[in-house]
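Residue numbering begins at 1 within each chain, and the chains themselves are lettered A, B and C in the order written.
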Amino acid sequence: MNQSWTRHHILSLANFSEVEYDTVLQTASSFREVLSHGTKKVPPLQGQVVANLFFEPSTRTRSSFELSAKRLSADILNFTPGSSSLSKGETILDTAKTYLAMGADIMVIRHKQAGVPAAIAREMDRLQTGVSILNAGDGQHEHPSQALLDLFTICSFLDSDRPRLEVLKGKKIAIVGDILHSRVARSNIWSLSAAGVDLHLAGPPTLLPEYFADMGNVTLHWHLEPALQDADFVMTLRLQKERMTSNLLPSLREYHQRYGITRDRLKICHPDVGILHPGPVNRGVELSSDLMDDPRLSLISQQVTSGVAIRMALLYLLGTRK
Amino acid sequence: MNQSWTRHHILSLANFSEVEYDTVLQTASSFREVLSHGTKKVPPLQGQVVANLFFEPSTRTRSSFELSAKRLSADILNFTPGSSSLSKGETILDTAKTYLAMGADIMVIRHKQAGVPAAIAREMDRLQTGVSILNAGDGQHEHPSQALLDLFTICSFLDSDRPRLEVLKGKKIAIVGDILHSRVARSNIWSLSAAGVDLHLAGPPTLLPEYFADMGNVTLHWHLEPALQDADFVMTLRLQKERMTSNLLPSLREYHQRYGITRDRLKICHPDVGILHPGPVNRGVELSSDLMDDPRLSLISQQVTSGVAIRMALLYLLGTRK
Amino acid sequence: MNQSWTRHHILSLANFSEVEYDTVLQTASSFREVLSHGTKKVPPLQGQVVANLFFEPSTRTRSSFELSAKRLSADILNFTPGSSSLSKGETILDTAKTYLAMGADIMVIRHKQAGVPAAIAREMDRLQTGVSILNAGDGQHEHPSQALLDLFTICSFLDSDRPRLEVLKGKKIAIVGDILHSRVARSNIWSLSAAGVDLHLAGPPTLLPEYFADMGNVTLHWHLEPALQDADFVMTLRLQKERMTSNLLPSLREYHQRYGITRDRLKICHPDVGILHPGPVNRGVELSSDLMDDPRLSLISQQVTSGVAIRMALLYLLGTRK
């Protein structure tokens, strides 16, 4: 299954091919199938070392990668910046090279600065190490595994047996919220554009600058309604409360009134609309609390479950490639 | 062995049955037996995921659960509140649901607020998830695994081959110290009452209100001597130093003079008296330092060892039930 | 292979015998051999519990021990002082005894105070526990596993097939920097003296007091050049920036000008000179940045790789002894 996979690092979805998307979706689907039959562990990465270098802390994403790696029988090393030698003046590249020298096979990297995973990948290639880098979120740049788990969630919603890119062709999807600062939105725009989705972005002008129209075949809206009209899926984004203080936003309440997703607002969507959110949700801000808990509308817990299958797929494809 | 076990969550000992106590004791005894013969790992929870959600940090209890889970071949996910999305505004229930969606089979939960594990258990049941919740300490409410390891320690002291509830019938046990704020004391009162113990509580009036007499067949003492007279076991409780500042206590020295356990004070106990403490001990406060280190009197290290066997038993009973 | 090993704890290299050094080197060499053939895990410590008690935090050393233990199939318990009961007043010995009672077989201990690992070892022996203590750095006293990985790195550099003490006989090695505060330097002085190395220490007078001459057959230099002249290896030490504030040092720039290792300065060394540093490096202070990245001169990444093999060897020798 892995013979066609040639990509060494997963840093961005900007240049992912349709074949790559479908390979990831199909591999994740196989792992989900295996897990659903009670087999909780598979051996392909036995003895391989996955180093989680989370320079920016994150419990849920780290746990998801950790569990995925364990289910593939890999060994995990967690780097925790709090108690780290970074405070002693070590550079990020030197930290990565330390884990390389210890024997890491795959490094999963999160950093608050865009481009750090790519810089480490370049260095690993320059040194001809064979180590694979997986971007687990870099600044406001990209978060490929999140966009791939979103993709897996919605493709599975439409065809659970054979989730694949083409089932999304012509579907209308709205991404709502703080597009400007969202690495999740950026990665989603790449994957959903590649799938031929009719993609609509909605948010306040301060958080949705016009230049996003250049990213591809997307339509921008500063009002919510035209984005939601007949939408098949609504992807909400986490609102960083810090944005308030920098005057990019009015109050949380006003944000919710203008851009918050509620049961009422969804009436103009497709009747089977599904709501996504990368989590953690600010209940009553990005979406109303009752909506989040409605299993007929909310795909949020499916996203988390998809996360393990997708991350198993990515680690597997990187770890068995060669 | 597990056919009789029907309890889905372990939240409180308030309504534990005699059969349940004996099943736990017997299961723990089997695991202790296995471990003592050099077999360090057993396979029953292979591939199951135990999520340690310690919203209130605790190294010793978390390590004990972690080792217990590893010895049952489970995979462990540690949630660490410091680097968590809780600071990002996620609710506790949403955190639990995230670990549910990742695939957790058992959640071990500690929280500084009473009732949190029960609330999560209700939500897991409402969602028909099959996930088991194990209360690892909630506020001043309960700490069932600690009381069960205390029970296992003293029953094993009396009959190491067949630790069971009935060996405690009619024994005199004193619980000494800050009863008011102790979740350990509350859980112990339930289990020791169920065993038919002659139970005596002793402490300063500010830390031992009269309403504790309502919890069952217990005798309250504001002086230490009558509680210790002929006692078979003395359970000391950890004194939170914060209590001083809230004027509930005089100085530590005065506390030790009035309620601290010393070799001298034990002379009026049963000659084979055993001393317990849930740890960590403030040496020279709850009990004198030399007493703590006397293997003839102190059962403290047996308690820690019992902790691994008891937690293996609890995880096993929850994880293999169905 | 392990029949000759009798040492119970590894606390200091002060009284290591030649046979012990060679056993460690040979065992590490075997593990490196095994790892290089794709076998990533070996079973000798299956079910044994290695407790990492890092009272002083350290990501790289802890990760190295953790990976070494995993590759020997041991279970690991990590004690993290931040969220610990130490803040609740527990003594260090009580913490160690708690992990003992849980079932730890080997304790790897780092503490900012010299002598803590030895104190714990004495207590473990007094209690006849059979537990082994491995000093992972105590104050300014010793850091034996670091010195042994340095030894393994340079012996392997000289004879990669059979790294052994005698290949170092008569070689000239310079240790440069803050000797006074370095536990790494102290352990290195013991091992390199035992190997019959022509050992030279260089550093500013404030960081290299004359009494170091008493440690054995070493030559002290307050200027760099005579130490580097014809040196086969140059071991640089990490400079703690805190030293500036205590007036032990001029500026970092002046330090680099006088004692920093640069390509230019190495011209007077042996043509095949190798540079070591225990990491993390302050680039441009202890050594120039380009030197650190030159694989022909820098042995720094070999040191990290050696660390895993050496720590596997030490854990193996302690864990299979008896």
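Convention: a contact is a pair of C-beta atoms (placed from the backbone, for glycine too) under 8 Å apart; a residue touches a chain by one contact, two chains touch by 3 or more.
These numbers were taken from a predicted model, which means no experiment stands behind them.
S.K.: What chains, if any, are shared contacts of chain B and chain C?
M.R.: Chains touching both chain B and chain C: A.
S.K.: Considering chain A as a copy of chain B, what rotation angle in degrees (nearest 5) results from a C-alpha superposition of the former onto the latter?
M.R.: An angle of 120 degrees brings one copy onto the other.
S.K.: Rounded to the nearest whole Å, what is the centre-to-centre distance of chain A and chain C, using the mean of the C-alpha atoms as each centre?
M.R.: 41
S.K.: Among the residues of chain B, which are close enough to touch at least two other chains?
M.R.: Those would be 80, 82.
S.K.: Show me the residue ranges of chain C that touch chain A in the complex, using the header's touch definition.
M.R.: 35, 39-41, 57-60, 63-64, 66-67, 70-71, 80, 82, 238, 241, 279-283, 301-305, 307-308
S.K.: List the residues on chain C that touch chain B in their complex, please.
M.R.: 46-49, 75, 77, 79-80, 82-85, 88-91, 94-95, 97-103
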